[in-house]
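Read through the structures below before going on.
In the two complexes that follow, chain A is the common piece, with chain B as its partner first and chain C second.
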Partner chain A sequence: MSTEAMIDHSVDATPTAARRLPLWAWPVGIFAAIAVLSLVRLITGRNDIASSGTLSAALALAMPIAFAGLGGLWSERSGVINIGLEGMMVLGTWGGAYGALIGGPWAGILMAAFCGAVGGLIHALATVTFGVDHIVSGVAINIVAVGAASFLAARFFGDLDGGSDVQSPPVAQPPKVGIPGIADPLSTIEQKGWFFLSELAALLKALTTGLSALTVIGLALFVLTFYVLWRTPFGLRIRSCGESPTAAESLGVNVYLHKYLAVTISGALAGLGGGFLSMVATNIYRESQVDGRGYIGLAAMIFGNWRPGGLLMGSGLFGFMDALQLRGGGAALHALLLLIALLLLALGLWQIIRRGRTIQGAVAIAVAIAVALIWVVTDSVPGDITPFAPHLTTLLVLAFASQRLRPPKSIGQVYRKGEGH
Partner chain B sequence: MRHSLLKVAALSSAATLTLAACGGSDSDTDATSGGGEGGEGTDVKACLAYDVGGRGDQSFNDSAAKGLDRAKDELKIEAEEVEASQGENDAAREDRLNQLVDAGCTNVIGVGFIYATAMGNAAKANPDVQFAIIDDASEASAGDNVAQLTFAEHEGSFLVGAAAAMKSKSNKVGFIGGMDVPLINKFEAGFEAGAKEVNPDIEVQTKYLAEDGSGFADPAKGQTAAEGMFDKGADVVYHAAGGSGAGVFKAAKAAKKMAIGVDSDQAKTAEADVQDVILTSMVKNVDVAVFDNIKATVDGEKQSGNIVFDLKAGGVDYATTGGKVDDIKDKLEEYKQKIIDGDITVPEK
Partner chain C sequence: MNLNPRRIALTLAAPVLAIAVAFVITSLVLAAVGDPVGTVWKVLLDEPRPRTLVNIVNSATTYYIAAVAVAIGFKMKLFNIGVDGQYRIASFGAALVAGYGWLPGPLNIIFAMLVAMLIGGAWAGIAAWLKVTRGVSEVISTIMLNTISAGLVGWGLRSWGQRPEGSNSRTTTPIPEGSRLEGIALIPDAPNRVYTLILLALLVGVAYWFIINKTRFGFDLRAAGASETAAVASGVDYKRMIFISIVASGAVAGLVGMPAFFGLDHAYGMNFQEGVGFVGIGVALLGRNHPVGIAAAALLWSWLEKSSDGLQLQAGVSPALVYIIQGSILLAVVVAYEVVARIEKRLEQSQVSRQLQAREATEGAPA
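On to the complex of A and B.
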């Protein structure tokens, strides 16, 4: 059984490796995205579609999801499905607020990570030691965490001035950082409304000024995660636990230990996402403020093909859509219809010319024309759809991209030491 | 993996249901009973079932709590409070109301339209108990023993809309609603009518935060939406989004613009460092309605049917805390009188 798995794996891995984008594709892709957004702005005349305000908000809305997804990445790479991210985030929101109240923002960050890690540890105990079905354990954690946070909030915030059973008093926020002296020149360029350059300036401004320290930490954790999981022996061992734990065991890897570590780290990262919500996105803990972001993080990670880069794009997409609909409403989303039409058109042409898939290409072009028609005849996306648009978009992209996904081979399976022989 | 994804989908929907039930029972056990020494002059026990957010939301629920506190002090009644949870269903709410009846409550007050269906059912099952629901006048909650306490939010919103238009320099104002439902639409309609009355050319930007109750408890969303409006040139933003309003005030503070509060006099109840950006608040005197309802029972009367608290009855008003509307107060009073006299009819949608 284990040899079969190994053979499957090697056959499967080769095309994945060949498909991986080279490093230069990243800046090219980003520049192309900026150019297309700029084009859409010029055609539709909607200046807020890629303004620095929208992009800043997008980054702030994407971070909690990115944290959750990063947590999911650690766990799932070690072979443990982590649907409990939502609950670990909930624990993190309470931990962040409580830590920040008693010891300032840095204590809040540590406390958020710690509370999430406790959730992760429970998940590890259930799935790795007791062999509970991963989904069942995760759902249980989601339920218990909501109750626990609710109890803790009532116990610790209920009697405080400005707090209540469901809300904390205002807490100290982590400091904002940025490159000084760069905001004004970038604003000037952004205001000019030049093609491409203004959007580039807006993006640079959003990425270099007024960032929360926790955002910077989060982005650094992405780099760190990539380095640790793909460039160190420790990361290789964790990934081997997710691909084939019996093979890892035969090579002397302590599978239980590595799974425990990965799932606990996963919880800590999700907890940081929760802390971000209660300390950075706003400055209070509020019951149910996580509102499904853990699930979206998990979806973003799957859409990102269990890799940090893809996950970052997935959460970025969600954050961008959310920022756009919150700030601009239906009218801003309406402008995006044009973007979707352009993308589908490009995709259709690419399918026909480069890959010779006439039918798929024709369908894509037909849909592109339909979307363009909708854009021409309507003025706005209905208000009933706008709050749901980020979820819808992420779901569609997920469905569209899911044909090429390759999860870790042994994900969700119960591993028992010595049973592989 | 396909199997696990299916499992995920099935279980997470199951989880939502369980969570809802869980949350309900959780809140019930949380119930804080106050005024234990009551019962000297009366055997009335008034019980409040809060909307999502509960006591401490600095807004709608706090206003109801104020009415209950006043009744406890002045009428020496017994009281009990329970809080709602996010995402629960009507069955869970009905359970909560029935548990309050079991706990000996003679007056059960549902704070918020989310209790409509639950209250209708609970009222039918307990004909001897006086029920009251705030913000709902629908068939679902109607009954001989149900008082439907509603407010003319559109009239109060008209006044703050007029204030916003008089104070706006950019001729752009904004409205942020927590949820796109008829009740919140009333706030928007009144606000827009008031602003347009002062300045027919004014631009009113509108945004609803969510399709469900989460829009009333997500300050981060309120902040992002308000930032968007300020970036697009608005300089006064009115929110009817409960707890999400805290984010609106933060955005106003950061952009050095103004915001208008809702339900309570938020220049008093909001966080101290943002109180100075609050131009005025559309005060909805839920406390008056709650107090009157309890007092009626203490006096041996029975309230039933739809009772509207409008501008005339003092059910809604604008707040003057902070002195930011002192210079336009005469004009606002003029509009107020016109609405009371029926010279201006404020649209409800």
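On to the complex of A and C.
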């Protein structure tokens, strides 16, 4: 059984030219986002919407998703769809807690990566060596992993003091790091409530103080991934396996080996994401702790168009929404409605003025006005809606932007050596 | 159907091989962590008591319908990972309308089942629409819709549900006495009964077999699943087939909760079983999308699950072990199918070349 690519391009076959954002677009985009957030704060009067507390919570909530997404990136760039990320994260939560109990936080981090890598290796064995459909193998791994983690937890945590069959005793957390002496001045600026500057200070504070070592490692892994995949021959080979394995084969690339490596690395990264949950986000292993974050990571990767920068933004957005909901509940997310309205308005104007698409622009502006109206009329988002806000966002983004996404060309296809004609 | 002995042997080889491999893997895992291997298998392979047997049949009924829902998608090479969500939201909707009891007795049951199919189909229809018009993979969209459905049902329960005395969780209004199904005393000496709606599972299985194998639509569906280009060339509207098969899969998924609902629970609430959609994927794969194969797989699955209940008490091993067994069977079976398919291909090729050689020998070389 073979699956088509994650995004089916047979629909609306007009290919949009893949345009790379220039480098200056990143800082400009970030500054614009800060400015809009600041504007929303001034209009709604909700000071917690971009406070340093919210932003550092957002970072902590984004990291597991980002780890999983980064894992997905490695695997899918080599052409292997990985919905087993969820299961590999589950293995990582157990590994992290077990390692941390046995040999401290650093052993926990290694163990989390190792357990995830085992999951990745199984996925590689099934999909690369045996040519099993990627989705099928992923589903099977998710089932095995949940069972294995639950079984191992009962076996190894059940008899410990403070542990039970479904929960580990508290474990040692990785150390916190930060730039000393910078927190106080930034706090002062944040407290002033200045337009733009306060938000900038809050962001800097969230990024420079009280970070877990694992967060720093994760962010470094993003840089490393970009460098390895896009700037080294090894990365080019991995990506060539995802674009056209037969072409890679004809150039002497060992496709099996590169796919194996990429999928195993993918598992290790997802495992680190699981370890983050059991060692940093909390300090215990708990059953069903992952709770679909592997899938969200995959969604963030698609959202980010199979590129590390976009993936980081996607996970940041999901983390931010989670943080708002956890800290401020429906009322904080309500302020976000205004943000959405503003963004849609900008999008609509851009469509009309710069691209001459009157209809699309008008639709966007109409939706913007509707969202703004909802914002005026209501004063909170129902609590039951908030937990699935990220999922809804993913669905909407896929619905409106899937034609602009460009997945690796041979993703999901079974490759067998010597059979490409 | 081709019934030559080699083919039958090869078809059966994969599941048997898979179960053997799962047995070995599980034993190795048990040995590695120092658990009693022999005792565990003794507990698991013990003959179930009549009461347990009824439970096995009952949960197999649920899994069977879920697996058929998944299999409809598989026939078209579509992955409906969203059976879980479709089944959840449809069960809730059906429970809600059945609770009002607008129609008398059996009519209420049929009405609720139609509502369930409608909601399940409509919910899957979102994924189908996204796939057909926007090119969004059904895998991702159904995964997202699973979580969204859980949130919506939570909100629905808070809006329309009620809280029974002395309970923390909300349920829908229990259905009237007249709409409850007592069950069939299928297994002698058992104090409990098999769900009446096992008949529904039977009906779903027969309808599935008939539509896929005996109708023009089923032929188109299989053709489109086997090769998009061939199907389009023979005049099949490929997008329409995608849409219909996802919606049909969702409609069947809507029925998954019905046997337990009318036979046991009578209200949507605490007893709702999560993850049935994922079990359905495993069962459909193990049963190779064949109505009889799926039934065997569903029984195996629920037998493992129910017999694992004794593990904690009798062997001191976590019942979660059963997920390892199930997952290993699943992984092993899909690998085995691939391996067997390769062997089959090779055997066929060598047979053809032998026949060709034999013919050349009798006809002699062309002049």
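By definition in this document, the second predicted complex is superposed on the first by the 400 of 421 C-alpha atoms of A that agree within 3 Å, B and C clash if a C-alpha of one lies under 4 Å from a C-alpha of the other, contacts with A are read in each partner's own complex, and residues count from 1 in each chain.
Heads up, the rule we're going with is that contacts are C-beta pairs under 8 Å (C-beta built on N, C-alpha and C of every residue); 3 or more make two chains touch, one makes a residue touch a chain.
Since we're looking at a predicted model, the values are computed, not measured.
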item	value
Touching partner for A:Asp48 - first (chain B), second (chain C), both, neither	first
Touching partner for A:Gly162 - first (chain B), second (chain C), both, neither	first
Touched partner set for A:Gly147, first chain B, second chain C, both or neither	both
Chain B versus chain C as contact partner of A:Val139, first or second or both or neither	both
Chain B versus chain C as contact partner of A:Arg327, first or second or both or neither	first
Contacts of A:Tyr295 with chain B and chain C, given as first, second, both or neither	both
Partner chain in contact with A:Pro170 - chain B first, chain C second, else both or neither	first
Which superposed partner A:Thr394 touches (first chain B, second chain C, both, neither)	second
Partner chain in contact with A:Glu419 - chain B first, chain C second, else both or neither	neither
Footprint overlap on chain A, where chain B in one structure and chain C in the other make contact	81, 83, 135-136, 139, 142-143, 146-147, 150-151, 154, 165, 295, 384, 387-388
Parts of chain A lying in touch with chain B, wherever the complex brings them together	48, 51, 53-54, 57, 60-61, 81, 83, 134-136, 139, 142-143, 146-147, 150-151, 154, 162-167, 170, 277, 281-284, 286-289, 291, 295, 322-323, 326-329, 383-384, 386-388, 407, 411-412
Touch list for chain C against partner chain A, complex	29, 33, 35, 74, 77, 79, 81, 130-137, 139-141, 143-145, 147-148, 150-152, 154-155, 158, 278, 281-282, 285, 317-318, 320-328, 330-331, 334-335, 338-339
Touching residues (chain side chain B, partner chain A) in the complex	1, 4, 7-8, 11-12, 14-15, 18-19, 22-23, 26, 30, 52-57, 83, 85-87, 180, 205-211, 214-215, 217-221, 223-225, 227-229, 231-232, 243, 246-247, 250, 271, 273
Of all residues in chain A, those that touch chain C in their complex	1-12, 81, 83, 122, 126, 130-133, 135-137, 139-148, 150-156, 158, 165, 292, 295, 298-299, 302, 382, 384-385, 387-388, 391-392, 394-395, 398-400, 402-403
